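Per-chain numbering from 1; labels A, B and C assigned in written order.
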Amino acid sequence: MKKKIWLMSLALLLAMSLVAIGCPAPQLVPDEPVPLLPALERVRVATTTSLYDTGLWAHLEPMFEEEFGVELDVLYAGTGIALEWGRRGDVDAIATHARAREEEFVAEGYGVERVVFAYNYFLIVGPADDPAGIKGLGPEEAFKRLMETGAGRFVSRGDDSGTHGKEKAIWREAGFDYEVVRGAEWYIEAGRGMGPTLVMASEEQAYTLTDMGTFLAFKADLDLVPLVTEGDILLNVYSVIAICPERHPRTNIEMANNLIDFLTSPAIQRLIGLYGVEEHGMALFTPAAGMEGK
Amino acid sequence: MTEIGQGFVKALELIISLDPEVMEIAWRSLRISAASTVLASLICIPIGGLIHFRSFRGKRILINIIQTFYSFPTVAIGLLVFLMISRAGPLGFLGILFTPAAMVVGQMVLITPILLGLTISALSGVDKAIKDTAISLGATEFQAIWAIIKEARYAVMAAVTMGFGRAISEVGCAMMVGGNIRGFTRIMTTAIALETVRGELELAIALGIILIGLALIINVVLNIIQQRYT
Amino acid sequence: MFLLEVANLHQKYGKKEVLKGVDLSVEKGEVLALIGPTGAGKTTVLRILDLLDAPAAGKIYFAGKDVTRYQRLRLETRRRMALVFQKPVAFKASVYDNIAYALKVRGHNGSDISAKVSSMLNTVDLADYGNRNAQTLSGGEAQRVALARAMITQPEVLLLDEPTANLDPLSTSMIENLIQRFNREYETTIIMATHDMAQGQRLAHRIGVLMNGELMQIGKPEEIFARPRNMKVAQFVGVENIIKGTISSNDGGVVSVDVDGKTIEGISDYHAGEEVSVCIRPEDITLALSKTSSSARNSFPAEIKLIASSGALARVELGCGFPLVALLTRRSAQEMGLEVGKDVYASFKATAAHIIKG
């Protein structure tokens, strides 16, 4: 008798735990089934944090899911991590913004093709009192000024992301060895995504390099103003790359291609171009499908 | 202070209004941690019983090692599990990286030392004569182990509760192997970590309140078990 | 063929040798009591017999089969026996579940278990106790539950370790009755360890005296008490009169023992000149007020040193050149008008003088 009860409760617990992994939450979020194994097809994209923090993915995700009947998993990662996951075959596509590294990734055979879908600009933001006096300068001059005066602090992403790469490129163009820069007392490495880095810069009243999209998305909560906004080097191009199925046969190349087609389709390109206008009074991104030279 | 105050008020609103996102994340946390605790218990309790039951060379050292692993850094376990189940890893064919299953596996690995160690010490509290009695009455080794576990059932329950507490409050491993995918692998701790650095404080505070509440409940349950039955 | 037999059993706990070559065998249906002082190794023997512990050396045969080592055979054999420990522990469960345990581990079905347990609860007179928490029972009740738990499978061999230690007289007699009943009704072979010699005498067909890891003597109870093999056994089984002397002559099995100038006659094979002790059970000594012409070959004038009564008996300490204790009924002591300082004659037969070496 007792033994049966023990066994039954054991079986019940086991069943519950399996159900727990596999079943959807009880109608708290009715349209979000959460299966353990891909009962529903899944496609996984590792995205640069700047795209994620603007809310663009959250905006596009349901549309894609509805159109293709698939679950889109968006993984929040800097460009460096996204590329590493891509190399390991842990994601089906990556959306990043570091042209040289992306081209290298494709050349190494990990990615099928680099497909540009949007761009915007980086800008240097900082406290309104601008202790180093960089307002209105070009990006390289601004960085020189920071280095020379040592006034104010600078928060770097410090996470091997696309933005971080861009920052390093600017230091290089300004004529500095990055290793020397990062040794400076006023230089802070956040090791975080774009949004978090902005939050931190605001808290510290420090300068930082950010993409326009994320800055606009976070602007309301930040005590930072745009200081440097013009310069060819500040161009920020977003591209999407499907992971090469020859390298990693288990990736979902079909859906990855669907995602690329989706992002570059005229309808979605138009949406990308309009994204943020309502909230911020200006677009966060410029659609750029077909501009492969960027 | 106003930030915290306002955040707190909004967080309470989110909880009281049963905000779908908050509830969904909390519910997923509970399910994943419950699953990993149950599965790990099913493995660890019998093995703990076996370790307790048998005498063998190096038993003491083994138990010491297990106890050392109680506070093994969760990110180290996260890294280990990531390397195992990443497509490029030896278990990559399972394709479970960035899924709840991966988080369950990670949490199971994470709480295994606690479950094993506390099970063994729970069983050590059982009168040695119970083992002899069971064996003498014709029990096989496993029947005798089961009898000992039943004798220590409240202490074993406390061990399981501790394991659950560690599983649900862990963030590093869940972040690394789950990927913190919204609506799929985002749980309370990873959501708090993300939302705090992104400045979305209300959601973070709301989830933090729920998490602390759960910790409180777990502690109360533990206390009740310990006071009433030991 | 013996049901259970052990040969040359050795056991060590660390460096300490607790069994030094014990040979023992019991027949089906027999009750054997192992008596001996605390620490003699009784529990160790029972644990080895129940196949709980493996001996350091020696063999165990169950129904003729060597069951010393093979694991499978050990479980199978263990399931034909049961051991009740000196301090039985109850599982944290109901009395019913405790008694049902041995059936459950053998995979009996629920209705069979239920029928057997209720019948057993009646047998041990705990019919209403099924749902009681087994850990809240009194000592006597707990012991009966332990006995019921062991007997539920009707084992061929029941091993009991001090089954009535620390029990009140009523509980003790209840347990003793149950032991006898199981032996008679189910022909259960019983091996029990006890330090209570009277209990051994009451219950056992044979008694084995275990001292310091050695089986000193084994035989029928009267044999053990009348003719202890050596001094230690004699002392342990309560022979009160142990008188040291030297054999002065041996005349065809009848020896004369010189004790401080007095001569005690007894039956023995020892030769003249050997140092011996003469054991005389107190109840074998008769007292008389005058020298009688009884058939007793030993008769000594003696002075009464002390009279103590215990129950219906009177214990009389005498001095007759050597100390002697006699036991007689209080009634006859009164009729004879025995009192301290009075001179009497103490007599006993040559056959009552058991002569041992040393």
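Criterion: contacts are C-beta pairs under 8 Å (C-beta built on N, C-alpha and C of every residue); 3 or more make two chains touch, one makes a residue touch a chain.
Computed from a predicted structure; not experimentally measured.
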Where is the C-beta contact count highest, in terms of which two chains? A-B
Please flag the chain sitting at the greatest distance from subunit C, going by CA centroids. A
Min distance from chain CA centroid to global CA centroid: chain B
Where the centres are mean C-alpha positions, what is the separation of subunit A from subunit C, in Å? 87
Express in whole angstrom the distance between the two chain centres, defined as the mean CA positions of subunit B and subunit C. 57
Rounded to a whole Å, what is the gap between the Cα centroids of subunit A and subunit B? 31
Sequence positions of subunit C contacting 2 or more other chains: 93
Would you mind writing out the residues of subunit B in touch with subunit C in their complex? 127, 129-130, 132-140, 143, 147, 150-151, 153
Which residues, counting only subunit C, touch subunit B once they are in their complex? 47, 50, 52, 75, 78-79, 82-83, 85, 87-89, 91-93, 101-102, 105-106, 149-150, 153
Taking the complex as given, what residues does subunit A use to touch subunit B? 10, 13-14, 16-18, 20-21, 25-26, 28-29, 32, 34, 36-37, 44, 53, 58, 71, 73-76, 87-91, 192-193, 195-196, 199-200, 218, 221, 248, 250-251
Sites on subunit B touched by subunit A in the complex: 18, 20-21, 23-24, 27-28, 31-32, 34-35, 38-39, 42, 86-89, 92-93, 95, 97-101, 104, 179-185, 194, 197-199
